[in-house]
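Paired with chain B in one complex and with chain C in the other, chain A is shared by the two complexes that follow.
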Partner chain A sequence: MLLFIEQLFNGLQLGVMLFLMSAGLTLVFGIMRVINLAHGSLYMMGAYIAATVVQHSGSFILALLTALAATALLGMLIEVIVLRRLYKRDHLDQVLATFGLILFFNELTRIVWGRQPLFMDVPGWLSETIEIIPGAPYPSYRLAIISVGILAAVFLYLMFTRTRLGMKIRAGAANREMVAALGVNITLLNTLIFGLGALLAALAGAMAGPILAVESGMGESILILTFVVIVIGGIGSIRGAFIGAILVGIVETLGKFALPLLLRLMLPPASADGTGASLASMSVYILMAAVLIWRPRGLFPAHD
Partner chain B sequence: MRFIKNRRTLITGASFLFFLLLPLIASALGDAYLVTLFTRILIYALAAVSLDLILGYGGMNSLGHTAFFGTGAYVVGILAFHIQEETLFLSWPIELSGSSNAILVWLLAVLFSAFMSGLIGALSLRTTGIQFIMITLAFAQMLYYLFVSLEAYGGDDGISLWARNKLPIFDTADDTSFYYLCLGFLVIFVFLSYRLVHSHFGRVIRGAKQNLQRMQSLGFPIYRYQLVCFIIAGAGAGLAGALMANQSEFVSPGLLHWTHSGEMMIMVLLGGMGTLIGPILGATALLLLEEFLSVYTEHWMAFLGPFLIIVVLFAKRGLYGLLTGKEVNDE
Partner chain C sequence: MKRFLLIMIVTLAVLFVSSPVYSADAVKIGMVTTLSTKAGYLGEDIRDGFKLAINQSSGKLGGVSVELLVDDDTRKPGKGKQIADRFIKRDGVKIMTGIVFSNVAMAVVPKVVRDGVIYVSPNAGPSALAGKQCHKNYFNTAWQNDNLHEATGSYVNEAGYENVYILAPNYPAGKDALAGFKRFYKGNIAGEVYTKLGQSDYAAELAALRAAKPDAVFFFLPGGMGINFIKQYAQAGLNKSIPLTGPAFSFDERLLGAVGEAAVGVINGSQWSADLDNPANKQFVAAFRKAYGRTPTLYASQGYDTALAIGAALKAVNGDISDMDAFRSALKKAEFASVRGNFKFGSNQHPVQDIYVRKVVKGADGKYTNVIHKKAFTNHVDAYASQCKY
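And then the complex of A and B:
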């Protein structure tokens, strides 16, 4: 039971990461109608920059801030150089061009940082464990990730509903031409939104650094899970992204933990573990297929 | 007009002649590796042509085509594995052993890939546009993780084959014969695809790409047409996968990795979307480019990425369009 609660928290932590990724991606799609495969590369760059700064300065907070600022700038640069030219093109062109970006960034990290993965230490003041309920110690770093993710969700919610910028973004998603005609600088708005998405991706990447190995191509597995989240949540919807992300995070984590155990009740241990592992690796995709059959446009579709 | 028609025939004929004569060129140069390299090119060309059926003609932007390529390869791999281990593939409800009979194994590979593409296509085609891209990618990745988790079949490490599948009379172990076999399959598939896209069925599919609503309001059950097209493409990729498993005598989950789908898309785009010769030129160009760049630098991907972006932004018509000098899509 305690193990179960621990796994539930792990699922929540993965879900929060996925939310940070999918919020940026779903915004970029919702407003600019562009599919950006390179979103995972921004996550990776965030992790690499944070790991490097930690190694040189020893300060996790400094590393986090540097990674956020640098990746947001990088995102805006990418928007200005490549993405901007793709808004009017079809999705296939967007897929291919951003695939080109992935190839470039994966190789770039190999050139700059080498083939060996980097390891990032958990900051000292977060390396303790906390007993969430008596008898179940849980790493405080992971709790910190969950808190940061929830704070980010609240921040995004307030920004969208309560600020002028949020209003412009929502208006831009609803009708670009009209907003442009009313005198809003859509070009600048797009660049800013892209920067915001990059910042969120870097936040996820930098925080994932101490948990995962920082290596070339690390952005791709989370990118694909992010797509699953967006398909489940509905494209362009922040609320859908949040619920989808938590759902996917928990199903993915609990599936790996619980399915082999459940199958052991029915099958001999060896084949139960094998089948359980196979089923667990497919569980989120099966969830996605089920949602698709039930609601082809996702749980909370944002557009018509 | 007449001149253009001639140029097309010229390119098609010249490419065919080149592929036909390649083993002779290779032996004249004394470079046996060329035959192996070009066998791979032919196999990828087959996969790329099949992808172009849904991408260029059907307007279905699938980023999961390698799922069917990998499925075909794994059918070959798993059946060979059971022969090698002398175990049964299935002991219940009927006893089935592995096989190394090429006709049987390849047929099974094609059928099973078609079945998988039917399953994935039926779900994915419920959506369009951006969601379709994400969903096909996600399903392909699901199969990737499935094969990674199959410890019985080597998991991450995959399966090494001891020998190629056997055909009566024809010697598949000989590289040159295998090359011609692959060429034969490619020619047949291109011919069948040519007939397909110029048939009534093909016109409906191409119509749906241009204007889905109009085709629907004309009364065509577009979903079914698209699904059939998706299945045919999946079967083609499955055949290519089966050939690939035989060529390299090795299968691993790497074949299903999503970057592989991306590479197939690049081949189609580089060669010219919505044509049948284009993807062949694209596959040739991309694999030769990789081969060439990797001689000079291990970081060739850092050059391929920006190159790809430039092609997308400025050279949309691909090599075939460049060579024929006419808009590719209005055949």
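And then the complex of A and C:
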């Protein structure tokens, strides 16, 4: 039972990571109608910048702040230089252009940081464990990730429901032309949204750095799950992204934990683990298919 | 006119790129190795060890000029096959080496040795290639995959652990690793887990491990996988209660540099250590440190030995590799001073060698390294040699 709760926490931790990624992606997709494959590259750049600053300054907080600011700026730059030209084009052109950006950033990191991954350390004050449930000590860094993710969700919720900017963004998502006609500077709004998405991706990347390895191409593996999340949650909806991300995180982690155990009743360990891992990756897509049969537009569609 | 200029420039560029400058009689050696991904430093050390041997005798091995072609397989079997194919067809390579990962080796080696290429493995030693699928053109200068795990298993058994949790990636070398460990460890297995090759996050495995309450953990996770595992093991507070152990692959010097204090005191099995006391090794360690500014890992020692083994054979045939039979029998004699001391090829052309258990310590220079703890096996032969029939 303790083990089950601990695995739930692991699922929650993956879930909030996915939420940080999908919040930005779903906004960009929902409001600007652009498929941005390069969102994973922003995650990677956030991680690289954070890892570099940690190596030079030793301060994790400083690294996090630098990564957020620098990646948000980078995101806005990409919007102005590349994406702005793509709003009126069809989805294939957008996919090709943003796929080109993936190749560009992967190669850039190889040139600047080399082929070898960078390894970030967990900050000293977060390297211990906390016994939130008696008998199951849990790493405090992973708890910190969960808290930051939930704080980010609350922040986004307040921003969208209580501020003028949030109102404009929601209006933009509902009817872009009408909002522009009412005199809102939609071009500036787009740039800001893209910057916000990049900032959230960088937050995910920098927080993931100490758990994973910061390497070229690290964005692609999380990007696929992120797309699954926004399809499940309903494109353009932050609330959907949150629910979808937590669902996907928990299904993936529990599947990875429970399926091999079940298969071991029938198969030798090596094949049970291999098959179990493949089935666990499949379970996320089965979840997506089931949700789409039940609600073809996702759980909380932003447009009707 | 513009178009003509463009064609001319492209033609010139192609000409320049495709004609590297080397002496006409240099023997080409093709190295397919892993230089990127989290395990990229393994291939880097093999390459640097190999290059050190070439540079020490100014571009020659065994007195014969050699040209080393290196390419990165990115740990993908398909990519490894492509590179090997290009080396053989375009560059006319007759001698190949370099593969780090057994899944890449299983895709590349059986084909190239059938095509008449001599392949000398500086790392991967899958059990299939040591036993039933052995080939007269395949040599291994490192170990058969099971060997270092066998030494660790034997130590863990002697040390009196009775309930060990074992963990390795799901690929041929991972299965060999746990088979090797279990061959010499006689106690209870608290859990046997195969992770994904290249996995970064071990949270789910660590939670299951804690729940199984073992008295020790044996894990084989080379390169960055090991770095992440050891760090997360410490973050979960497990290193205070359950001791870690494993093969040298989970505790090489570059990995130790990244995990620091978390691995001190750990026992691991290896055929080589930087403090092995023989003249060849002292010379090698000093030269490697001078050339690259870091302590060599076992991978570097294997790359260096592989170069010396090829060099000795080239010397015996005077650099003439048109007669592959002569080159092969010269290679089999292994007339070189291995940095690990005793070395000869067994009946299946895999090493017959001593294997040690090492201990992780903090050196006088503040860097983490391994020292020999004791010898586990003398003239150890792998378990598959008897299945190999040429």
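Simple rule for what comes next: the second predicted complex is superposed on the first by the 293 of 304 C-alpha atoms of A that agree within 3 Å, B and C clash if a C-alpha of one lies under 4 Å from a C-alpha of the other, contacts with A are read in each partner's own complex, and residues count from 1 in each chain.
Heads up, the rule we're going with is that contacts are C-beta pairs under 8 Å (C-beta built on N, C-alpha and C of every residue); 3 or more make two chains touch, one makes a residue touch a chain.
Since this is a predicted model, take the numbers as computed values, not measurements.
J.: Now for A:Leu292: first (chain B), second (chain C), both, or neither, which partner does it touch?
T.: In the superposition, A:Leu292 touches chain B alone.
J.: Who does A:Ser127 touch here: chain B (first), chain C (second), both, or neither?
T.: In the superposition, A:Ser127 touches chain C alone.
J.: Tell me which touches more residues of chain A here: chain C or chain B.
T.: Partner touching more chain A residues in the overlay: B.
J.: By the touch definition at the top of the document, which applies to A:Val228: first (chain B), second (chain C), both, or neither?
T.: A:Val228 contacts chain B only, not chain C.
J.: Touching A:Leu2 in the superposition: chain B (first), chain C (second), both, neither?
T.: second
J.: Classify the contacts of A:Arg142 with the two partner chains as first (chain B alone), second (chain C alone), both, or neither.
T.: Touch partner of A:Arg142: chain C, not chain B.
J.: When the two structures are overlaid on chain A, which partner does A:Phe99 contact: first (chain B), second (chain C), both, or neither?
T.: First partner only.
J.: In the superposed arrangement, which partner chain does A:Ala277 touch: chain B (first), chain C (second), both, or neither?
T.: both
J.: Of all the chain A residues, which ones make contact with chain B and with chain C?
T.: In chain A, positions 110, 274, 277 sit in both the chain B and chain C interfaces.
J.: Help me check something: in the complex, which residues belonging to chain A touch chain B?
T.: Touching chain B from chain A are residues 29, 33, 35, 82, 85-86, 89-93, 95-97, 99-108, 110-111, 220, 224, 227-228, 230-231, 235, 274, 277-278, 280-282, 285, 288-289, 292-293, 296-298.
J.: Please output the residues of chain C touching chain A within their complex, sorted ascending.
T.: 35-38, 40-41, 44, 72, 170, 174-175, 192-196, 200-201, 203-204, 207-208, 210-211, 224, 227-228, 231-232, 234-237, 258
J.: Along chain B, where are the residues that touch chain A in the complex?
T.: These residues of chain B touch chain A: 55, 61, 63, 123, 126-127, 129-131, 133-135, 137-139, 141-142, 145-146, 148-152, 258-259, 262, 265-266, 269, 273, 299-302, 304-309, 312-313, 316.
J.: Which stretch or stretches of chain A touch chain C in the complex?
T.: 2-3, 6-7, 10, 13, 110, 115-117, 119, 121-122, 127-129, 136-139, 141-142, 210-213, 215-216, 253, 256-257, 269-270, 273-274, 277
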